[in-house]
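Consider the two complexes below, in which chain A is the common component and chain B and chain C are the respective partners.
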Partner chain A sequence: MFKRNRVKSKNKGGGLRVGQRHFILSVTIPMILYEVIGIFALLWAFILIFFKYSPGRAGGPILGLGGSNPFVGLQHFQNMFTGASLEARQFRISLVNTLIFAFVVLVLNLAITLPLATLIESVKSRYKDLFRMIYFLPVLTASVGVAEMWTYLYDPQAGLINAILRALGGTPVAWLSDPRAEFFGISVSMLAVIIAYLWADYGYNLVIFIAALQSIPRELKEAAMIDGANPWQTFSKITIPLLQPTILFVCVMTMLSSFQVFDVVQVMTDGGPNHQTRVMVLDIYDNAFRFQRMGWSAAVSFVLFIIVMVVTVIQMRVLRTDWEY
Partner chain B sequence: MAAQAHKSINAKYHRRRAHITIGTFLKYFILIFGVLITLLPFIWIILGSFKSAAEIIQVPPTFWPENPTLNNYRTILNDPKLPLLRFYGNSTFVAVFNVITTLFTSSLLGFLFAKYKFRGKNILFGWFLLLLMIPGQITMIPDYIILSEVGLLNSLWGLVVFSATDAFGVFMLKQFIESLPNELLDAARIDGASEWQIYWRVVLPLLGAPLATLGVLNFMGNWNAYLWPMVVITSIEKRTLPIILTWYNSQHGSNPGITNAATILVVLPILFLFFYFQRWIVRGFTMSGLKG
Partner chain C sequence: MKKKLIVTFVLLTIFAMTLSACGGGAAEPTEPVAPGDTGSGAEPVSEEKVVLRLWTHQNNAFNAGYETIIEAYMQENPNVEITLETFEYELYLQTLQTAMPAGEEADILQMFGTWTSQYAERLEPIPDTVMTIAEAENTFYSAPVGGFIVDGVLYGLPQEFNLEYGGVLVNKTKFDAAGITFPPVWADRAAMLADAQALTEMDNAGMMSVAGYNFTGSDALAFDFLAGIRQRGGDYWNADQSGFTFNTPEAKATLEWMMSAVEAGAVDPVLFNDEENWVGDSFFQSRVGIGYIGTWAIAEGLANYPDFADEWGYAWLPSYEGDPVFVADSGWGLVVSPNSTNKDVAWDFVKFATANKANAEGWNIASGTIPAMPDVAKSDAIAAEMPWVAQALDLLPYGSYLGNMPDRDLVVYDILYPHLILALQGIETVDEALEAIDAEANATFE
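After this line comes the complex of A and B, so read on.
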């Protein structure tokens, strides 16, 4: 069972003691048993995508599959992309919305955090910590709390945002409930949710960028300055290239978490108005636990899983090649 | 030649100084503007939580409360059937329980993977990390059915049974324990300590900093969790704080002041935690690539 020789040479003739073997077994066996549940759940989730399944119906003897929970093969996937049923249309809407959400969040997040981190990094150190702390506060706030806060800020009557708009002479907007309002082809409700999400999330990337900026040697920037580079040149020619691995890391992490957005959307709009903010995890949740279409829901989560895995694999590839030099 | 070069650097230096003042002004202007954007939502709900039921729905809204009142806090803290304290209890139970199991399993498995050699170790470790990299929504449905089969639906235990291990925690503590010298463990062995005693008496006391980081991150994640608790818990009195927050909102839709007060009370413990553990939290977030 154990590689005695290797241990022996390491312990200088002590060998693997009985006590050590007991310890290894008594830790690994419960761990393996516990993880088997996880593997089982994963396989089960995979099997479910081929069935029409609802736990309420009487099914076959094995995991309640078969019987009134029939095997449908790849029909769910065919339906998703070509079907005309309500759930198929909702799926396609949620897929597009999720991609829009993730993309807009990514672009805006980087456009805010990278310059802001550079600014914070360039101020005196006693202010630096203060700024960093304040900017980090939203990250600590429970996402449901964030959603409640912003729902109140967006309130058409009593909200602060419309109050400011009115004071400036504008007309109030029903930010979260007007299905016709849009801005550059993206519905206003979606943008409103994106802004709340950005507010809650940008402190995280900010902290990562600050940490990365601190690891860049001062001498490099000073040398560039002496050679006559202006601050913008130093930023674009020295800082950005050296930050590249961090930027890629941040991109991928931001994408991954925004593909899985749920809390903020569910509380603020619950997918409305008119499905304009319906995202994939909300679709998964609704189908599984509101409409009891668990087979369908498992198939939707499988699509989400594929997207997440593709992004993760790209991340690993890219990060590996970049960290080598 | 050299003197000339020196002079031109000097000139450049002085020129830069001259327009740095405008730059500095702009820099602080942007940073303070950002601080305002970041703090304004907090300030707005803090002020809102002290407004009376009539004032808070006034159009246009007031900024400062005209007659500050504690009624909103009283309403949720003294609710005869559902006092907020009960939900603090629920959330604390789930978060503390999960933190303790996670710290225990992460340190034990980290120790095992860092300091022992046995066949299949790398496969086990790789498999372990892979399994835990998979997003939770994927196994949500089977997990839900398992809970319903074993009768743990609508129970706080349902929120802890699948959370006993944490890939990031194992990975982080493995890295840390690998840096501890083997001589330390061998010395304890010579003194007759069993492997469990080595784990408990030698390794664990050296893990203060990484355990604090991991514990705080894990606590936050559990305290703020929303989707899974919403799936598992159905009866009102067993809910955790984030879910009861949305419930307060649906009950008192006409009085956002109550939701504001509840939001503040839910967020406050995490903020206290942050001020105590600031360094560890920031470090942990930077290392983990995990988000709350």
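After this line comes the complex of A and C, so read on.
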């Protein structure tokens, strides 16, 4: 009896010191807020996947689900890959376009940034900062501003690019609006958007590569040269393998951002011409906010999430290393 | 055990609050109070302090008109305070779609009439004491009011006649330079096309630098196509309006005429379309001789291009054949939220803003829009401020409402426009385009 009372008495005091209570409160409240704002939004999107939900319809009594916003199970996914409806075809087009965009951006980005970083790393240190700053400047520019600037450069009548073509005696091109123009099977409008996106984005990877190159021990390269390796062999046999963790990071981050491209595409082409630059996030946005197909949009978002996850896991498997230097 | 119960209770309370926040707790319906005077605002509807919010999309010209009306209403009803909250157009759409399910929308909402059928479940029907359908049809042109009537229920009152058909901006400077009569008097479409050909200019590299007749924007293409079908005696609706009939001889003849305009060199649809050289911009950049666009683009274009120095005017196209029958969207108007706790006052304001001749006239002049009320459209003030409206007076009675499509934006912008422009660009044939339009548009009913 006595023992029980003692326990009770301890609990009455809360069992925790003031500092502990303060800690729990300061952690719990933000976590509850995060749960409500963040997790609930994700949970809501996940629930919507199974409904033909439009915010304009009142629907059933619980969260507007059911009734005029009916439960459709996995029908959205079935339609996406086998349906003949307009939204299904637009989804498939946007999926292909997103994959093209992401892989072309990744390849071109690596092809530009890695050699450029090596070049910058090789110049005298007083010029390094200058080059690094110049190449990093586009990253600091607002993406909408970048898109507007490139739209103007691509303008078929008044744009700088066509002006140069005219001066050289070439034929001007409607870079962003000609659905017939293509280059190696990729539409010119898609390539035009990729170039604009690359211009704005490559400085980020460049800085990362420069930092990684600076961290490679000089002794390793010197040892290779003493052993008779030429510069290319040093680069390919020493530098590239040692950069592998950085390359993995750059690949993952570039793919993630490329899969989520939206603003540059929306401003420059809005998915046109003839859906040739329609990417998945634009498809999600259009379906959700222009056509009020929130359920469909949530399902497309889920597919995008799965794709990004799978590609990231594959990259991490292929490029992972078990060592450090 | 008791502690567990308390924790469970707290968690359940948080969960329930979360659900209710997203579930859109509909406010208790208020007992309708007889409104005051029919929109004049002479008799205050209530003596209690009333605060209302009005949401509109962001358009400086439109909002200047709303501010004047709000000020006038608050002067006549000192107990009422109305706050105008504006949103950039895309954001306005998103805000409506998130706020309405949560029951957090403003008391009064600006709504494009054609959207009403999509939002009807979340809108308050107009009480008969405010205005009946018969009264609305007598007060407004049929096209603008038509969009606010869904399944025989009136949900709002229109402010503008959204006329996308037939109106063209004309560049007098270019007409004069080409030696063409201005203002144009076109007996038929062929005469207009001849002028357009004379206005077209190419640069040294053979690229079109000035389009004689830019009709390849989405609104112009879609509404001219629909009007062409009607003027040729056809229809794009089936008998009971449960489906579309786009693959018809009338539709084919209309699209073929459009293709002949492209072949005649009036416009290059690759260079002049919605994505490139949109008519609302390219006209004010002196890249267009005749630009097919609604009057609403005038105020915006002049504001966006203050350096535009060419002389210009606004004209109306002749019909394809027969009477100039056409279809129109139901334009911007006002609706009331069912969640408003002061619906009676909100309706009184809506009527004050839309059905009162002086207020409607002031708003149309401020916004540069065609009046939804015939009485206003025929007023001296409109004739003086917007002479192009006076020119269109004979045309307006030929307009009928577009019809309640399952998703108007989807049909117009993602089905009609893309296939029409692809046909004009030579990517699809006329038959392919019409078949695709017919199939895709009918699929929107599923």
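Everything that follows uses one rule, which is that the second predicted complex is superposed on the first by the 285 of 325 C-alpha atoms of A that agree within 3 Å, B and C clash if a C-alpha of one lies under 4 Å from a C-alpha of the other, contacts with A are read in each partner's own complex, and residues count from 1 in each chain.
The rule is simple: a residue touches a chain if its C-beta (ideal position, glycine included) is under 8 Å from a C-beta of that chain, and two chains touch if they have at least 3 such contacts.
Worth saying up front: this structure is predicted, and the values here are computed from it rather than measured.
A.B. asks: Just from the overlay, do chain B and chain C fit on chain A, or is there a clash?
C.D. replies: On the shared chain A, the partners clash.
A.B. asks: For the three-chain arrangement built by superposition, which of chain B and chain C touches the greater number of chain A residues?
C.D. replies: B
A.B. asks: Contacts for A:Ile238 in the overlay, against chain B (first) and chain C (second): which applies, first, second, both or neither?
C.D. replies: neither
A.B. asks: Which partner does A:Val318 contact after superposing on A: first (chain B), second (chain C), both, neither?
C.D. replies: After superposition on chain A, A:Val318 lies in contact with neither partner.
A.B. asks: So, does A:Arg166 touch the first partner chain B, the second partner chain C, both, or neither?
C.D. replies: A:Arg166: touches chain B and chain C.
A.B. asks: Touching A:Ile32 in the superposition: chain B (first), chain C (second), both, neither?
C.D. replies: It touches chain B and chain C both.
A.B. asks: Tell me the contact category for A:Phe289 with respect to chain B and chain C: first, second, both or neither.
C.D. replies: The answer is both, since A:Phe289 touches chain B and chain C.
A.B. asks: According to the stated criteria, A:Ala58 is in contact with first (chain B), second (chain C), both, or neither; which is it?
C.D. replies: In the superposed model, A:Ala58 contacts chain C only, not chain B.
A.B. asks: Check whether A:Leu110 is in contact with chain B, with chain C, with both or with neither, and answer first, second, both or neither.
C.D. replies: In the superposition, A:Leu110 contacts neither chain B nor chain C.
A.B. asks: Output check: A:Gln157 vs chain B and chain C. Expected answer is one of first, second, both, neither. What do you get?
C.D. replies: A:Gln157 contacts both chain B and chain C.
A.B. asks: Could you look at A:Leu99 and tell me whether it touches chain B, chain C, both or neither (first, second, both, neither)?
C.D. replies: A:Leu99 contacts neither chain B nor chain C.
A.B. asks: Which chain A residues contact chain B in one complex and chain C in the other?
C.D. replies: Residues 32, 40, 44, 55, 64, 157, 166, 288-289, 294, which sit in both footprints.
A.B. asks: In their complex, what parts of chain C are in touch with chain A?
C.D. replies: Where chain C meets chain A, its residues are 14, 18-19, 22-24, 90, 93-94, 96-98, 100-101, 118-119, 121-122, 203-207, 209, 270-271, 273-277, 287, 407, 409-410, 413-415, 418, 422, 425-427, 440, 443-444, 446.
A.B. asks: Would you mind writing out the residues of chain A in touch with chain C in their complex?
C.D. replies: 32, 36, 40, 44, 54-58, 62-64, 68, 84-86, 90, 156-157, 162, 166, 171-172, 174, 176-180, 269-270, 272-275, 288-292, 294
A.B. asks: Using the touch definition from the top, list the residues of chain B that touch chain A in their complex.
C.D. replies: 9, 12, 23, 27-28, 30-31, 34-35, 37-42, 44-45, 48, 56-61, 105, 108-109, 112, 116-119, 124, 127-128, 131-135, 137-146, 148, 162, 164-165, 186, 189, 194-196, 220, 223-224, 226-227, 231, 241-243, 245-246, 249, 256, 259-260, 262-263, 266-267, 270-271, 274, 278, 281-282, 285-286, 289, 291-292
A.B. asks: Which chain A residues qualify as touching chain B in the complex?
C.D. replies: 1-3, 6-7, 10-11, 17, 19-20, 22-24, 27-28, 31-32, 34-35, 37-42, 44-45, 48, 55, 64, 116, 119-120, 122-123, 131-145, 148-153, 155, 157-160, 163, 166-167, 199, 201, 203-204, 207-208, 211, 226, 228, 231, 249, 253, 257, 260, 262-263, 266-267, 281, 284-285, 288-289, 294, 297-298, 301-302, 304-305, 308, 312
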